[in-house]
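For clarity, chains are labelled A, B, C and D in written order, and residue numbers in each chain start from 1.
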Amino acid sequence: MRPMTHTIRDKQKLLARVRRIRGQVEAIERALDGEAGCEKVMHLISAVRGATNGLMAEVVEDHVRTHLVDSERHPGALNAEATDQLLDVVRTYLK
Amino acid sequence: MRPMTHTIRDKQKLLARVRRIRGQVEAIERALDGEAGCEKVMHLISAVRGATNGLMAEVVEDHVRTHLVDSERHPGALNAEATDQLLDVVRTYLK
Amino acid sequence: MRPMTHTIRDKQKLLARVRRIRGQVEAIERALDGEAGCEKVMHLISAVRGATNGLMAEVVEDHVRTHLVDSERHPGALNAEATDQLLDVVRTYLK
Amino acid sequence: MRPMTHTIRDKQKLLARVRRIRGQVEAIERALDGEAGCEKVMHLISAVRGATNGLMAEVVEDHVRTHLVDSERHPGALNAEATDQLLDVVRTYLK
């Protein structure tokens, strides 16, 4: 049996995140339906925003590490330090 | 027959927005499941963020107009111009 | 001798914040001029963004507490709890 | 006489942006000092935020195009399409 590839593990992790976000969106729907107060609704929306930013940060990281350089044709071409600096900025803005 | 109250109309409008966001989140799920490219996934996440910000802007506006002043006990106390200036800033930051 | 009014104290506090931001902007200028690396420059810009958001949060709070209701004509009309809930959301988005 | 290098032209462009931001910060200082209304001050702060985000987007772009791959050792290794997709997302979030 072949081990699960990197990509498929990533996909499962991302799917788990998206499903959690769907659950958070459904919680907003229930809160509105149940006439919850604005405070509760605003907190739930804020949680969706945080989780969506976290998902974006992860997809951007995958994109940078996987697609900016074709590592089979150009092994070692992606500068690890510069990549980390970029992703630090991305995470700061997606917090 | 009584006319639909302001609150219930607002609730329906907000629920419609939330359901649209749920549909957008499900589109991310399908895109990941179908091995769509990062670009597609990043666009879909960006759309959820925009829609979530729009929802927050609307809930904040309802909150400000409905709850900051009890208009039955203090009719006319909420300054309309200052409220508009506040909501302009909120919308700028939630774009 | 009259005590310093609330407004003037607020103004001094806001001016101190703005001057700190000016200093941070000048630090970006010096970093670029001195050929500092991107990482350093990105950190300095990120600091200006954080400080600018903090300034905005403070001005919005002053605006809400001072201008949404004319407290001389409508004493006690501004709902303290609803105001705090609003400002919590504002601060979350301006972090 | 040697032509101005790419880096030095970039530096001048970035310095011009930073000086414009410094001018915008000084305008906030004057507005506060001159007891301008909250609305004016909030607009000026919002302008600094926009300009700071624009500066960050430009520095991030320079960083990605210049440092993620050492183009002398690995010419052509940076995938142009994937880079554009990344920078599109960065710009969307820094608007």
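Quick note on the criterion: contacts are C-beta pairs under 8 Å (C-beta built on N, C-alpha and C of every residue); 3 or more make two chains touch, one makes a residue touch a chain.
All values reported here derive from a predicted model rather than from experimental measurement.
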{"item": "Fewest hops from subunit B to subunit D - one hop per pair of touching chains", "value": "1"}
{"item": "Chain whose mean Cα position lies farthest from subunit D", "value": "B"}
{"item": "Centre-of-Cα separation between subunit C and subunit A, whole angstrom", "value": "30"}
{"item": "Intercentroid distance (Cα basis), subunit D paired with subunit C, Å", "value": "22"}
{"item": "Distance between chain centroids, defined by C-alpha means - subunit A, subunit D (Å)", "value": "25"}
{"item": "Touching two or more other chains - residue numbers and ranges from subunit D", "value": "38, 42, 46, 56, 60, 63, 67, 82, 85, 89, 93"}
{"item": "Overall pattern in which the protein chains touch one another (line/ring/star/complete/other)", "value": "complete"}
{"item": "Contact footprint of subunit A on subunit D as seen in their complex", "value": "56, 60, 63-64, 67-70, 73-74, 76-79, 82-83, 85-86, 89-90, 93-94"}
{"item": "Subunit C contact footprint on subunit D (complex, rising order)", "value": "11, 14-15, 18-19, 21-22, 25-26, 28-29, 32-33, 35, 38, 41-42, 45-46, 48-49, 52-53, 55-56, 59-60, 62-63, 66-67"}
{"item": "Subunit A contact footprint on subunit C (complex, rising order)", "value": "38-39, 42, 46, 82, 85, 89, 92-93, 95"}
